[in-house]
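In the two complexes that follow, subunit A is the common piece, with subunit B as its partner first and subunit C second.
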Partner chain A sequence: MIVDGRLKAVLRVLTGLVLLVVYVPLALVMVNSFNVDRTFTWPPSGLTFHWWNVAAHSSGARHALLVSIEVAILATAIALVLGTLAGLALRRTRFFGRNVVSLLIILPIALPGIVTGIALNNAFRTMLGLQLGFFTIVVAHATFCIVTVFNNVQARLQRLGPSFEQASADLGAGAFTTFRLITFPMLRSALLAGGLLAFGLSFDEIVVTTFTAGPQEQTLPIWIFQNLFRPNQAPIVNVVAAVLVLVSTVPIYLAQRLSGDVVSGASGAH
Partner chain B sequence: MSAVTARGLSKTFGDVRAVDDLDLEIADGEFFSMLGPSGSGKTTVLRLVAGFERPTSGRVLLGDDDVTDLPPYRRDVNTVFQDYAIFPHMDVQTNVEYGLRVKKVDRQERRRRAEEALSAVRLEGYGKRRPTQLSGGQRQRVALARALVNRPKVLLLDEPLGALDLKLRREMQLELKQIQRDVGITFVFVTHDQEEALSMSDRVAVFRDGRVEQVATPVELYERPASSFVAGFVGTSNRIGGEAAPRLLGSPGEYAVRPEQLRVVPAGSPVEPGELALPGKVREVVYLGPLTHAVVELDAGPRLTVSRPNTRTASERPLEASDRPVAVVLHRDSLIALSGPTEMTEETA
Partner chain C sequence: MLSRSAGLRTGLLLLPPMLWLGVAYLAALAALFVTSVWGQNDFTGDIERVWTWDNYRQLWDIPVYRTIAFRTVGIAALVTVVDALLAFPIALYMAKMASPRTRRLLVIAVLMPLWASYLVKAYAWRGMFSGGGLIDWLGSPFGLHSPGYGLVATTVTLAYLWLPYMILPVYAGLERVPDSLFEASGDLGAGALTTIRRVVLPMAFPAVVAGSIFTFSLTLGDYIAVTIVGGAGQLIGTVVYANVGSANNLPFAAAFATVPVVVMLVYLAAVRRTGALESL
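Presenting the complex of A and B:
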């Protein structure tokens, strides 16, 4: 694209503005986690590590964090297995209604969370007679986590084309050997990227979780939501939020690096 | 004994008959080419032999064994793919060893045979390279080594030179033929390049619309094409037929004649016995380096392409387009009588 000097300047300013709008509030959360005042006044009247200390000893926050991580790991694991199988089925075989199945797999991510939440809540309680809790959260999260894995897997398979797998079969490898030695290694980075996204989706999900968690279980987003407006807890919420901002940069950074690397290596072969 | 036999082989994709009731026998140790325009079914036949496609009807035999219902990994053939399909996450050595590894050949034997195969394609010492570090020609050789290391009964090559530039392509043509002679394996080679097919093959099958038009040695194919299609597809040829044939040649029918069998002389020049002089005018002259092509419009209608080698004696009398009357001289023996359907009628008179 050809950009002249003036346009360049305008674009620079706009980019700066957008980044400011996104990151100033985040920075505010970070600063507030050190704010002496518990009502988030600006500018802070003083700085302290007190809230970090309190947060570290808050059993509610720690338990919620643990639940969130466990749910995200399990939902991601389910998504990785089912998403890969679905991706392979849709990209490497032909069957009647293939496009419909593909659409049905992707749909959950587009559905409003509240609809999914109500639907699952009803199905779990009335049809299946299940007690809402940890297990129902995992299943609910898996329904939309599958989508990110499935999308990554099928995009990668399409990009790679069938010839590597055909070459493997041609050289004497059966279907499982081909998957182990050829397909899986070439999918690995797509699975990692899809898995990280799935983990992230599950980790901050609140709407569906509200309807499928039941009264006993609390994930971190729900804990935050419930404690945000309690004067005693608000500073701790800030600390938790600050920690989450720092921690979430890691998977995003990894996902970005990994989704680029191996594919360029594979397509570079042509 | 035949290495590959196709019996009544057909393959349809939806409404398209890609391969149509094909019978073919490929002899053991032969360099056999399947030549045809794109969509003529040659690649589908290759994929049917490899096992990537199942035939709609008919049988495929390797040697005496009917393999029609076997998956690719149970057939003793290997393929060099058009895009090579070198596994990008493995180095060259691991790529070449792959077939032996999945057949549980022990590590040392694997290593030895892979090195042997790499040296057969002149890639000694490239084992540790990544596929991305190789040029197109080298990648092509890795694909070849990876297939040959398994010592298949038949090696299938799907337009393996298509991605290479012209010079490298010529080199690889000679090299492939040499390798085939060295290993003594039957090569089945798919190409749309008639020159490639002629220069490497023991026999060539010319494909058209899912059927074989002619199977013959390169010499036969060029000098005695069985049909008008073959005459047109393999090399350039002039066609004389319809009304013009009895008037010019004194006999009805459909004839082809190669440009190098013709020469242009000034009108009224004497001719040898058995030769015909067809009056006309030079309309176009195309200089091609070793050759010059002249297009002569005959007074009787048809346009003939005449090719003349650019030797020193020839360049003393340069060809040029003009209204001066000339004659195209041809010997009766150089006329190829064509049978079969007459295609490309726009070129006949």
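Presenting the complex of A and C:
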């Protein structure tokens, strides 16, 4: 701990300023959703609930929201399976190419989004001759979501070590029984955390999505992006944006609950 | 357990994820680089599967693309520096000065915007920078105006978007530094500023570099934020997107998309020595 009164005061002020800059734009989005005007002019000339009502009946936004949720659920499910398998495979065993495997899993998220996007776009269209749409979005999202599950599973396995499973095997349980009764319960909260991250990542993604969605399918970010520059739609975009700011507090709340869970989960295993 | 069966099990477990990543991703990446050395028929717009370096030659020879490439790397560097400067004080305060309760609240306050939609945050800055918007209103008593949509707005917006990616690693890095080091520095007669300069900064450096990998890579690959607040400004991402879509020159887009990959690989190779990759 550094104890220097003046320094502490300076840092406190700086911290406050940075947080102010972080939250002012988000607050602006909230206020703008009630703005009577269709422009960003500050201060707003009046406030109204009208646009919230209009937005609630916007079929385009509602359909896009549904697509986003469906994509995120499917991509998360695929990522959960593949990420868990990869995490289980890479534990303990030292083999040639282990680093290559982890690099391959991280690559889709480490490389700039346009690279992943254009690579998949090119592969789907030119190489495989597929029509871009719902299916290609799910494949693209699952590809970059694997890493979040993999990271969580690997960290958990490393922390807990192999002794519980070895004990289970010594007591005569087969590989599947051990997985069902020991490994899976130990992994459960890590899977929840990884799945939550994967869902959030997929729900919010736009760069890769614009390259893999094609003209027919619209996720919510794509819907926002396409309506962003239309003055008529601006109030509805404002409301959708405000809703998304509010929704973003949910995963934080869940993560807080989960981190409490992790402690009780680990102690429960002892 | 027999080592052969363990190896078999590892192989079986790895098969599905590797098949997925190999087919859906690695093959796609390889195909991308192959496409970048293919030509395109100028009249029909069809891709011609003949080996040519024309796309890369164009990148280098046509000044505007060179300018855009350097501008993108420049903005990525600027965003990284801004984020490092903003992140350091808040991370230091969180890690070494705040009470545990305040620290928990600050971590949540930093994490919350990370979950807020990327698009919404970029859009929020479109509102901030718009003519007659909040920045204009705040600046008007001082005779200042919003710079409007352009490269300044793009840099600010990108720095805002990636700030948590810098704060979190720096915070984690500083938290690992034992307090005794600060006490020792103080006991040896160093003031707070000297301690920060000679002890804290060198120890935080690998974490800053780790954060810079995110801010750098994310900026290089962005084209949405620059479309929303960049006005007519072009970055690598916007050119690539235009060439996949309206201009329909996939081989050229593929060639231009290799620029950020090469820049990132060079950057990663350069920062390997700092030990930043281990603190990711």
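Definition applied: the second predicted complex is superposed on the first by the 254 of 270 C-alpha atoms of A that agree within 3 Å, B and C clash if a C-alpha of one lies under 4 Å from a C-alpha of the other, contacts with A are read in each partner's own complex, and residues count from 1 in each chain.
Operating definition for what follows: a residue touches a chain if its C-beta (ideal position, glycine included) is under 8 Å from a C-beta of that chain, and two chains touch if they have at least 3 such contacts.
Quantities reported herein were computed from a predicted structural model and do not represent experimental measurements.
S.K.: Subunit B versus subunit C on the shared subunit A, clash or fit?
M.R.: fit
S.K.: As a test of reading the superposition: which chain, subunit B or subunit C, is in touch with more residues of subunit A?
M.R.: C
S.K.: A:181 in the overlay: touching subunit B, subunit C, both, or neither? Say first, second, both or neither.
M.R.: In the superposition, A:181 touches subunit B alone.
S.K.: Just to be sure I read the superposition right, which of the two partners does A:167 touch: subunit B = first, subunit C = second, or both, or neither?
M.R.: The answer is first: A:167 touches subunit B but not subunit C.
S.K.: For A:26, using the defined touch cut-off, is the partner it touches subunit B, subunit C, both, or neither? Pick first, second, both or neither.
M.R.: In the superposed model, A:26 contacts subunit C only, not subunit B.
S.K.: Which partner does A:12 reach: the first (subunit B), the second (subunit C), both, or neither?
M.R.: second
S.K.: Which value in Å is the smallest Cα separation between subunit B and subunit C when the structures are fitted on chain A?
M.R.: The answer for the closest subunit B-subunit C C-alpha pair is 5 Å.
S.K.: Taking the contacts subunit A makes with subunit B in one complex and with subunit C in the other, which residues are shared?
M.R.: Shared contact residues on subunit A (touching subunit B in one complex, subunit C in the other): none at all.
S.K.: So in the complex, the part of subunit B that touches subunit A is made up of which residues?
M.R.: That would be residues 50-52, 71-73, 77-79, 81, 83-89, 98-99, 101-103, 131-132, 139, 146-147, 150 of subunit B.
S.K.: Touching residues of subunit A toward subunit B in the complex: what are they?
M.R.: Residue positions touching the partner: 161, 163-164, 166-174, 177, 181-182, 185-186, 262, 265-266, 268-270.
S.K.: Hey, which residues of subunit C end up touching subunit A in the complex?
M.R.: 6-7, 9-11, 13-14, 16-18, 20-22, 24-29, 31-32, 35, 47, 86, 89-90, 92-94, 96-97, 106, 108-113, 115-121, 123-128, 130, 132-134, 136-137, 160, 163, 179, 182, 191-193, 195-196, 217-218, 220-224, 228, 236-237, 240-241, 244, 250, 253-254, 257-258, 260-261, 264
S.K.: Over in the complex, which subunit A residues touch subunit C? Could you list them?
M.R.: For this pair, the touching residues of subunit A are 1-2, 4, 6-8, 10-12, 14-15, 18-19, 21-26, 28-29, 32, 39-43, 78, 81-83, 85-86, 88-90, 93, 95, 101, 104-105, 107-108, 110-116, 118-123, 126-127, 139, 142-143, 146, 175, 200, 204, 206-207, 210-211, 221, 224-225, 228, 237, 241, 244-245, 248-249, 251-252, 255-256.
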